[in-house]
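Next up: some structures, all given as structure tokens.
Note that chain A is present in both complexes that follow, paired respectively with chain B and with chain C.
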Partner chain A sequence: MVKLAPGGPFSRERAFPPEVLKKLEEKYDLDKPIYTQYWLYMKRVVFEFDLGPSTRYADRSVNELIATKVRYSMTLGFGAMVFALLLGITAGLTASLNHNKFLDYAPMGMAMVGVSVPDFVMAYILMIIFGLSLNWLPVAGVESWQGYVLPCITLGFVYAASISRLTRGGMLEILGQDFIRTAKAKGLPKHVILLRHSLRGGLLPLVSYLGPASAGILTGSIVVEEIFLIPGIGKLLIESATNRDYTLALGCVIVFALLILVFNMVVDLVYGFLDPRVKYE
Partner chain B sequence: MAILKVSDLVVEFHTDEGIVRAVDRLNFELEAGEVLGIVGESGSGKSVSCLTLMGLLPIPPAKIRSGKILFGDNDLLKYSNAEMRKIRGHEISMIFQDPFTCLNPYLKISTQLMEVMEFHSKKTPAEARRRCLEVLEQLGIPDPELRFNSYPHQLSGGLKQRIMIAMSLLLQPKILIADEPTTALDVTIQAQILDLLKQINKDHGTSIILITHDMGVVAGLCDRVQVMYGGRLAERGSSDDIFYRTRHPYTKGLLYSIPSLTVKPGDRLDPIPGAPPDLTRVGDFCAFADRCDFVQEDCRTHRPPVTQSNEDGSHWFECYHPVEGEKNA
Partner chain C sequence: MLLELAFALSFHSNIAALEKAQTKPHEFVFGNENEPETLDPHKVTGVPDNNIVVQIFEGLMRHGQDWVSLMPGQAENIPQPKDGGKLYVFKLRKGLKWSDGSPLTAKDFEWSWLRAMRADTMGPYSYWLTDNIVGAAEYSKNPTPENAAKVGVKALDERSLEVRLNKPVPFFLHLTAESVMFPAKKENVEKFGDQWTRPENMVSNGPYTLKEWSVQQNIVLKKNPQYWNAAEVNIEQVVALPLNDKQTAVNMFRQGRLDWTGHNGAPNALVPALKKDPNFRVEPAFITYFYRFNTTREPLNDARVRQALALAIDRNALVEKVTRGGEIPAISLVPPKTGDYVSPKGVVSGNFPEDLKKAKTLLAAYMKEKGLKSLRTLRLQYDTKELHKRIAQAIQEMWSKNLGITAEPFNQEWKVYLAAQRQMDFDISRSGWMGDYPDPATFLELFTSSSGNNHTGYASPNYDKLFERSSGEVDHDKRLKILETTEKLLLEDLPILPMFYYTNFGFVRPEVLGFTPNLVDRAYVMYFNKSNK
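Right after this comes the complex of A and B.
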């Protein structure tokens, strides 16, 4: 699909001399028919974990490029996830324990806003308030940890909103169950009923959401990295696509796909661990 | 000696349709060591009154208007939450209708049993564990060690209910409230569970309040029965009084609606006509008036007084125009 886009890695404003172009295409196997290219590429990726050389940055392999950038993206993604979980679960628990009171409506109202505002709007609002008006935090770049704060909030907020709603829903369902009444009838203190009897079941819907959520955070990071000028994989992907850097673009996509697979797998395993009724034979 | 005395209990639910008076000036006593059956159809206030005893009513929407629940010399309604917590599961315990939903699916049986003692006694984990296995053994649970380490979904319904009963007996409570403990189970298992309750009552002298709408269960198990209707007590007496010397028309209706072996195929049962009363509208008149065959003018103007049926005062009913005893059953 990458190859369907018009142009190639070496079509620039200043054209190469034909013989140089030919040499280059030979080096990157671009002179061969597309199915041969595909075969060679797959063989290399699967058996050697080698995503090939970058067609844009000479002398640098895609593996290398991704390895240097992945740190930024991981920090961003991880930060956003932690932020989303902390805020989302706190808000969700507060809401569920104060069902139909002010402390239920307030966080759920916020959550409504959270899911409705797209991240690129959120980003600029945060930049204007905390960066430009209050001057607390940098609006771009990640020279220090402060640089991550706004991007993480931007990226995590939507997920915090969904997480809080899921937490609230899950907890309300569990708290209405017969076995919670049993726990009360046993004379257990409140915190035991909450922590031991409710939390596990109440957070299950959330756990199954975390797989798609991490995927969402990954793709969301592409936009956020671009806005906040973070040199992560997301930004790399955008650049590689605009540069027709075939191997780099493919490499980024493969890494994204792998991460999503791994997240979903982890979520499934965690699910089995949390719910004894789900067993993997 | 009465170990529990409920007097003039009024419980209301505030709903969008109005105030529902689920329990209306209820009086009853529980004697030490007896099995008291509470019978009545859905919405008659049997479960609500027992949840009130346990302090488990959701407040709001429920509201306890007035009344006293004397447990020994103390009024349970005056207890704080923390004080009630010490009573629940320790002095008074409760088992519920559906063992399938009443055990926490995410926790092992061991956790769910042990935690009762974790908060009510000073037993070490090893002692607590020994006590659990001992009770499981007593209740005739095969291979208690294995069940102890299982999750609820690995057990059958009957076993789950036994686990529930075990849970409620760990600390040898004075009162066991069983809210329709057999409704969700197979008939054969029902009989086993009822036998178990009877045995517990005999062996430990635990007073049992058995809530049910199954007259057969009542006949087999209970020393005394009270029939509830519309949040009130319709009639109370010994099992014999209720079955053979029925006075209240509602009790009579209940008895007539039981299928018996003498009924021929094709014969119709005698259901009680009409529907249970709308508890938002029951006022100062007999709650059963609209469905009663014997209704007269006074039934609709005043709530009938409590009337004594026999000399020693053990058989009561709330009716102006009782049916004559000794004719039924």
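Right after this comes the complex of A and C.
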């Protein structure tokens, strides 16, 4: 599919001299028919785990590029997820325990804003406040851990919003059930009811949401990485597509797909652990 | 757009609040537009590559920070051409060393230039050598030892390099100050192959050496103590960040984390507001913005139609109301400040009301001759960028209002646009060109019929002949006169529509000394210093 887009990796504003272009095409097998290219590529990927050389970064292989970049994206994604969970669950619990009071409306109002504001707008708002006005945090770059704070918040906020709504919904449903009433009747303290009896069930809808959310965070990271100058694979993917760096684009897509698969599988396993109704044979 | 405006406002109220520099006193941190594709001097392609390579390597000549003045680099003086401009003998400085301490000799230059010209080195600028040096074209295609012996580059002894050219090339010395003519160390290139440009493998000969290179994160250079002029190099460390997002560049500058935002280091829309900031500078660039006409299609194959289209544009209104980055209206192809060359006037005088009258007459004559009531709709392609879109819309309106001609702007993704331009699949195509060396030939060469970057279908035997003659002329003044005639012909035939000359803009910290802006927006860090305010 990448090849359907017109232009190639070596079409530039300044033309390459024809002999040089020929050598370049030979080097990257682009002079061969497309099925041969496909076969050569698949053979390398499947049998040698070699994603090939990058056509743009003349001296680097796709494996190397991805290997050095994936940790930045993972750190960003992980940080965003932790932030989203902490904020989302706290807000959701607060709201559900204070049903139809101010402490319900306030977090839910915030959540509404969180869902509606696109991440690039969020990014700039955070930059203005914490970077440029208060000068607490760097506006770009990840030389130190502080550099991750704003991007993680930006990326995590939308998901925090959804998570809080899901938590609230799930908890309200559970809190209205008979076994909670029993627990209350037994005179158990409030925190025991909350943590031991209701949380496990109340979080179920949330867990099933985490799979798609992880995928979303991964793909959302593309924009955030660009804005905050994080050298992750999201940035590589955008660049490779516009540069028609076929091998790098395919390599990034393969890695993204693998990561999404892994997350979904982890979520399924966790689901089984939390919900006794789901059994794996 | 709205967001950008909000940003502009927030800066506006904050202009005095530039944070203290967080970069170190002997460090220069700048925004490099993009991640370099390669740091192999013989393969460099774009501005980001050059921004690094000129710090770590040095050619026989080198440019001053103004990029126009030329001084001896690895050579000890500027050689006088002999044999009617076709022979140069360079004398290297005494005791030159590579960054690993090994001696650098004329042999290194001989080997490097042979490598740079070979097609299998795959460098886009190899044609600078193959077009000009005796025997280079043959060797490029067929790099055998016999062909190598015929190439006009010879190390006569440890310190003398003889170069024979096919024809006089008046700007040849400028070429020796650019990346493709820099030396590379044979032993390292042969030992490490493609990996020789990695920090751990690279040996270089410039004011700096490569310390770290982490893709899309940063490039760190440190001072090279082996450099012949190391005593004069003040900045100890250079850091380049790939800042694609211009807003990010501005933000980082505000936080004191950049010394220079780099080439066009601010979003275009902010330029009018930022101009008030004392640290923001706008300077003419060595880039012309123009439209290409497809001269093989009706009605653009008739010079009168092209002239009418070029005459019916109010360039002043365009730069004042649409582009707004301080651009200069262009009625020629070669930008101002190209050495002592002055572009001639062609059909377009720059006086808009007068030009418009002429346009109407020309168009009427054409329509009458062809028996036409109106022209067909012209398709105007541009590549995705807000600025190009706004320009195309303004031009569409001007043509429609002034000549009654309908143009239909349409947006193409960058590579699609390039492909269409190459296959001449357009009526009118947005274009721009940045000169490679400070000489009018770098622009005028484009529209010779054999140029690989012509893309207009324009093939004028007269133009080709004039251009050829100019490169054979040794006398500087006479040569400029011929180039003037050449450009005049182009500006009468108008296969292109010159619109404006770009500007370079960005922020520079007040502590940085020696940073004079140049036409190509390049920093030669070796000339800089920082005041400890």
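Keep in mind that, in the parts below, the second predicted complex is superposed on the first by the 278 of 281 C-alpha atoms of A that agree within 3 Å, B and C clash if a C-alpha of one lies under 4 Å from a C-alpha of the other, contacts with A are read in each partner's own complex, and residues count from 1 in each chain.
In this text, a contact is a pair of C-beta atoms (placed from the backbone, for glycine too) under 8 Å apart; a residue touches a chain by one contact, two chains touch by 3 or more.
This structure is a prediction, so every number in the text was calculated from the model and none was measured.
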item: First (chain B), second (chain C), both or neither touched by A:His99; value: neither
item: Partner chain(s) touched by A:Gly131 [first = chain B, second = chain C, both, neither]; value: second
item: Chain B versus chain C as contact partner of A:Arg71, first or second or both or neither; value: neither
item: First, second, both or neither for A:Lys43, with chain B first and chain C second; value: neither
item: Touched chain A residues, chain B compared with chain C; value: C
item: Contacting residues of chain C [partner chain A, same complex]; value: 3, 7, 10, 14, 19, 35, 37-38, 40, 43, 45, 119-120, 122-124, 126-127, 130, 140-141, 194-195, 197-198, 214-217, 241-245, 247-248, 251-252, 254-255, 257, 413-416, 418-420, 422, 452-453
item: Of chain A, residues touching chain C in the complex; value: 5-8, 11-20, 22-24, 27, 56-60, 65, 68-69, 121, 124, 127-128, 131-132, 135, 138-141, 226-229, 231, 235-236, 239, 242-244
item: Touch list for chain B against partner chain A, complex; value: 54, 56, 84-90, 93-94, 96, 98, 101-108, 111, 115-116, 119-120, 151, 153, 164, 167
item: Residues on chain A engaged by chain B in the complex (per definition of touch); value: 177-179, 181-189, 192, 196-197, 200-201, 274-277
